[in-house]
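We just call them A, B, C and D in the order they show up, numbering each chain from 1.
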Amino acid sequence: MNPNILVLGAGVSGIEASLLLAGAGRTVHLVEKDMLIGGQTIKFEEVYPNLECSTCMVAPKQQAVLQSANIKVYLQSELEKLEGALGAFTARITKKARYVSLANCIGCGACYEPCPVSLNNPFEEGLSTRKAVAVPCAGALPNVPAIDPEQCLHLNGKDRNCQACKEACMFDAILFDDKDETFDLEVGAVVVATGFELQEATKFPQYAYGGGKNVYSALEFERLFASNGPTEGKLILRDGRTPQSVGIIHCVGRKEQGYCSGVCCMYAAKFSRFIKHKIPEAKVCEFHTDLCIPGKTYQKFHDQTRSLGVEFVRAESVGVAAKNGGLEVAYQNVDRGPGTFKADMVILAPAMVPRRDTPELSERLGLKQDSRGFLASRRGGLSPIETDIEGVFVVGCAQGPKDIPESVAQAEAAVGKILSLIPEETG
Amino acid sequence: MSVRIGVYVCECGPNIPDKIDIDKVLEDIAPLNNVAAAKRFRLLCSNDGKKYLADEIRKEKLTHLVVAACSPREHEKTFMQVCVEAGLNPYLFQMVNIREQCAWMIPDKAEATRMAAKHIRAGISRVALHGPLSKKELTVNPDVLIIGGGISGIEAALSLASKTRKVAIIERSDSLGGRTGKLSRLLLHQGTDVSVLREKIEKIEKDENISVLTGCEVTDIRGFLGNFEVRIESSGEEAVSRSIVVGAVVVATGCELWDGYDPAVYGAGNIDDVVTAAEFEDMIAAGKILLKNGKPPRSVALIHCVGRKEKGYCSKVCCLYALKFAHHLRDSRAPAEVYEFYSDLCLPEKTDQEYFDGAVKKGVHFLRTENVRVEKRNGHIVVEHGDGAGKKKTLEVDMAVLAPALVPPPGSEKLARMLNIPLDETGFFKEAHAMLDPVAAPIEGVYIAGCASGPKNINESVVQAQAASGKILSTLVPGKTLEPEVKISVINEDLCTGCQTCLSVCFYGAISFQAHKGVSAVNEAICRGCGSCVGSCPSGAISSRHFTYRQLYEEIFEALR
Amino acid sequence: MTSRETRKDKRAAVLPAREGIQKAVTGFLKKALERGCFEAVMMPVRAPETRSYAWLMVKNPELLDEAAPLPPVMSVQGGRALSSLTKHGAPPLSIGVVLRPCEARAAVELVKLKQIQLDDVHVITIDCPGALPLKDYVRGGENALDRFQALLEHWDEDGAIRPACERCHRFSLDISDEDRPLAPSSKNGAFPVEIHIGLLGENKEEILLIPLNPSGEETLEKLGLTPDRPLDGWAARVRALRKKKEEKRRAGHEEFKKEISGLDRFLAVFDACINCHNCQNVCPVCYCQQCHFDSPRQHLTAQRYLDRARRRGALRLPLDPLLFHLGRMSHMVLSCVSCGACEDACPVSIPVGKVFSLVADETQPHFQYTAGKSADEPLPLQSFLKSEFCEVETPSECREHQSPEVKSHA
Amino acid sequence: MTQNFKPNLVGYLCNWCSYAGADLAGSTKLEVKPFLSVIRVMCSSRVNSNLVLSALLWGADGVLVAGCHPGDCHYEQGNYYARRRFALLKKILESLDLEPERIQLSWISASEGKRYAEVVNEFSDKIMRLGPSPFETNPKI
């Protein structure tokens, strides 16, 4: 049996799985869609319940991945198809051109400044712009930019003479003639850790999301309070004012999706903490349905949040409307009837949903999607990471909504299964 | 042999020369004691750069190397590798950060140059005190002890046992299965049922690499990752005791249903037909849900969150098994009315909601309530409760089922003390890192799976068991050795006074007191090299390799020139 | 009897002391030896033909004739003496030890620092009128002894006793108010004293033996002594004197602070230092094998001396008396019991004790800690609260989420 | 005099948070005053009074100790002990009025490049206002 492993997705789960497998002496092929590793977790300033600095937690692991001799990282890459069975899979991978040499670039950033093209920075949820050649955020790992071929004047042909970045680079790291590649990897098992997305808030007109209003989706807010984010952690409205009242709306899209995402209640409380910490006098009100705060430490976290004067309203049919310059949250208090809340800022906690490319992925893997659209676990089993294909494991939020510890545990579990299915001696 | 230090400044292309007058720096340091070579190079991390460095080390017969370039976080490992290839012990090398923390943050070239020179001087005088350090290699015992024969223990055993790895399961009771084994049916909505567990147990009994010791308890554990000595005693009459050696320990001691609630409030035990979830499970398993008077109940109240307030946490699983009860009751030929008294429905799994909706369709009544009391009034069970608005209401039922909080099993403290691992304020075992290391205990080589570290459902418990296996299988690879941290603490026995302050500040329990010598000792297999103990030792009897007082003092001196 | 009991319901046994307290107490100890309450006694004994006292461990009662439970001077701090005996394990026989309160406090700190093991050691404390300054005593001839005798009579020190003693408000047991436990309560006798000897009773002709725990009761019983004398009189005197002393201490510190605050004044005080490190050698809670600041790693190369000399224009040698004193302070001041041994030992009369007890009084409360109060209180530097001392961080970012939670290894 | 006075500052930075924060400040090209000599330690708990006092008494105009925010320690609890030791030293210097403002403790996470720059710049300004350390200028020492 082939002892090497394919890991799809370099988020917190994929990284954990890769490091453990590498530690066992296995060769790991870590395939990441994005231009950097770290997934969603590195977008967070702090994580509940200990409000730990996320970067401090994950950065050492990112470094370890990039420095490990056993881990081969493929960025901007995706799985094309998967064939074979336990111990002998063949995975076809396509790798997009980065147009910047990972080998030569030393991450000095000399190329950003001269680039004439600015574009919305998706990593910052469009809250800031970056150049056509850039890293998504300060401290990105690897600290090497990529060129966006649609936007780059040279690459999209709008101005073939534009060589601004190439001229600025002293290390011949800019490779305009870089090409997409397709290649096959031979592996014994596969760990799918492709993560999640948030339900698009635009789907719900009742929350008045978009149009430059101060209504933010959870991930946007995470960036808004990240010290390496667009506002360097300053909590401000789009016009630069400090919000005096913030409404946080839970369960956005829960009904439609038909499940509870399990983490929103906690990160909403984290948001409240953060706001109270930065702006003690600010009014913060959370609009929730059933509070889902399972486990030994979460209740305490929640109670502490209440004790800071954060208001909790058990509400249904919550709506947001722009009202004389600000926002107004209108709701039905389940016990006390209708009410309104004037807010400078509203934060939405949308459902965690499968990544939009899950249908393709499930087809390429040959795995079914479950009724919710996530990659399906094997029915009748006890371990949700096991799938209908022996040797293919789905971990983290690709399998369903969950928080960081659960995602990590599932990644480690996949490693456990793999190392016992494909012991060293057979490899 | 005389000290010959080579100092190499990386230009990092334009990044450093733009901001730092490298030649001036080199002039400044070239005449210093022991400096055999002081040179610049365009890009030391490039392949020619590495080759150049390696050649220099040989050509100049360097005994120590200083590289002034980017942050050590970028390329320290790279250049240590170069040292190894050039036959120089990698710890005779010091990296000086003149890019991030100099060139890139000091706009004024003169100032940047001044500081760069300072940093490099510091590196030079520090590296002169570096001695060679070598990785220790520890041979390990790959076998594993699993404490607890519940679902987690079972799963861990199955994924760990192999012909190169023996596994022992210690189970206090007289049979495997734990709480899960007592469940009437598992999560039906996931298409799973109890037979799964039975099959697993049979598999364990067949596996000659797994030894099951029921009716036994661990009475003593000493040692560390790769080498634990465990003493086991059977709790039965003819107490037999034996010793085994393992490389890792999995704590899978599970949890129990809380029974400390006030019977005056919940009536359990002293009112007929008020039963606990566990008792109700047995009724389902026995296939007859009957009242004391032998009649089937016409109405059943399922009471959630018994003890949530007192314990201060939500036990996560109650909502779901209450739903399971409700479904079961409604599915029977003569369905009873079912009332669920809950505070907040906790349905975090993606399939839970569906299961709940199903129950609603089957006509289960859900009442969000607070301050629930169960009383006997004129021969009937009455559930008194306040609704969301705080209004008091009552409901009469034939039977009430309590869903009490999940709590740590007795003996957790004792085990924690034996293993030298902490419990948290809830009395469950504390994880090494609640976020990124959920199945490891602070002590390396000890792992925690399932409800031992807090309430979990079956899926999570199984995942945690597999996760613990993952961590063990990737660390204790048969035939492979462990390479513990090199830059660790060392104790000078002549200076140690045995005050044991160091023991109290070491989070990893890496330090032990040797009573016979009256001094403390660092366990090289466990020490992570944080230096807390070094900082805590008043007499300076402890020193941390690579961060000795002398080495840090040298850095101070140069900072103060 | 539990240590929870208060002064009200507490009684003491009475011991006649017509030939002076020294004889009386010694007699009591002899008897205790004979009755097998303990197998040996450790106490200061006057060396024959001299006026110097040394700690002796005695098995033979006869040898106690020259013993002085309360010698005029504190030659060696009792805590230190006890440590030298029990550091590497409890003694194989049971021992009775008579300590001044400050010596007992040092012992408590040393227990926590694992430098003393008290199993089977019977600690007896005694009301202390203070000790004479070592130097005065050595010079002072016989009349020094008389001065001390007078002191024992009247308890009003006319500048005769050590400054540390003048300012010592913990010369007896803690009995600040009616319902405050006599001995600090604790699982395992936090203040590990079994009998306290009260000298401030109604009547100079008799002294009080106050049992503080069951084993103390036992001892008295074996000696046929019944604790039947109420303590009110004694306690009132102790409290009164304590008030006086506390005031003295407060005023003294305030006064002294003016003299020493600021680098120039501080240096003026320590200029005389001859780097003999006596203060550290005699300090009971300076328990290190070798002081960090005496270790070779603190030695500089000639080059480093020159570097500094060049920068400063001049350089005092040997280097860093200040580093030694401040460094030592940062190591032990939280355990400082203000016994004044350091001051007694300073050949150039630097008021080391004043400095250290001043800083001790200002730092220990900061950690809600009182040196020598209880063997149960974890040492401040061996424990922490998750949220505390926000103010020492700059810019201060107190994070509200850190729930207080004491952590301390047993 | 603060004009031409270039203070010598010593900064003990923990490897995991504060040192990374310093690197981030650099890679985002933030301007930082050129007076701090960084000494990397694995954890702020390695830093004790011996190290801080040595630096101060051997002539540092200021000493900075920086580590992970409480709760973030890479070694779980190190910075709690560091904080206690620092609190003690600070209190000692305060009660004797021996230039307590010349030692500073700051929490800086790996993502707080900006905070690092602010901390170092503010500390530098403070020390420049205070002028050269008397421990260095006083001939008696």
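Here, a contact is a pair of C-beta atoms (placed from the backbone, for glycine too) under 8 Å apart; a residue touches a chain by one contact, two chains touch by 3 or more.
Computed from a predicted structure; not experimentally measured.
*Asks:* From the Cα centroids, identify the chain that ends up most central relative to all protein Cα atoms.
*Replies:* Located nearest the centre of all protein C-alpha atoms is chain B.
*Asks:* What chain lies farthest away from subunit A once each centre is taken as the mean of the Cα atoms?
*Replies:* C
*Asks:* For subunit B versus subunit C, what separation do you get between their C-alpha means, in angstrom?
*Replies:* For subunit B versus subunit C, the centre distance works out to 45 Å.
*Asks:* Report the inter-centroid distance (CA atoms only) between subunit A and subunit D in whole Å.
*Replies:* Measuring from centre to centre gives 35 Å for this pair.
*Asks:* Averaged over CA atoms, how far is the centre of subunit B from the centre of subunit D? Could you give it in whole Å?
*Replies:* 32
*Asks:* Hunt down the residues of subunit D that sit against at least two other chains at once, touch-wise.
*Replies:* Residue numbers touching two or more other chains: 20, 27, 29, 50, 54, 58-59, 69, 71, 74, 77, 81, 85.
*Asks:* Would you give the residues of subunit B that are in contact with at least 2 other chains, written as numbers and ranges?
*Replies:* 73, 505, 536, 540, 549, 553, 557, 560
*Asks:* Would you please write down the residue numbers of subunit A that are in contact with two or more other chains?
*Replies:* 50-52, 57, 300
*Asks:* Given the complex with subunit D, which residues does subunit A contribute to the contact?
*Replies:* Where subunit A meets subunit D, its residues are 45, 50-57, 59-60, 107, 109, 138-139, 143, 226-228, 232-233.
*Asks:* Tell me, which parts of subunit C touch subunit D in their complex?
*Replies:* Residue positions touching the partner: 257, 260-264, 266-267, 271, 292, 308, 311-314, 316, 320, 322-323, 326-327, 329-331, 333-334, 355, 358-359, 362-363, 366-367, 380-381, 384, 386-389, 392-395, 397, 399, 401-402, 407.
*Asks:* Which residues of subunit D touch subunit C once you look at their complex with the stated criterion?
*Replies:* 49-50, 53-54, 57-59, 69-71, 77, 80-81, 83-92, 95-99, 104-107, 118-119, 122-123, 134-141
*Asks:* Any idea which subunit D residues touch subunit A in the complex?
*Replies:* Its residues touching subunit A are 16-17, 20, 24, 27-29, 68-69, 71-72, 74, 109-115.
*Asks:* Which residues of subunit B touch subunit D in their complex?
*Replies:* Per the stated touch rule, the residues are 71-73, 97, 99-108, 111-112, 114-115, 118-119, 122, 433, 442, 487, 505, 507, 528-532, 534-536, 540, 544, 547, 549, 552-553, 555-560.
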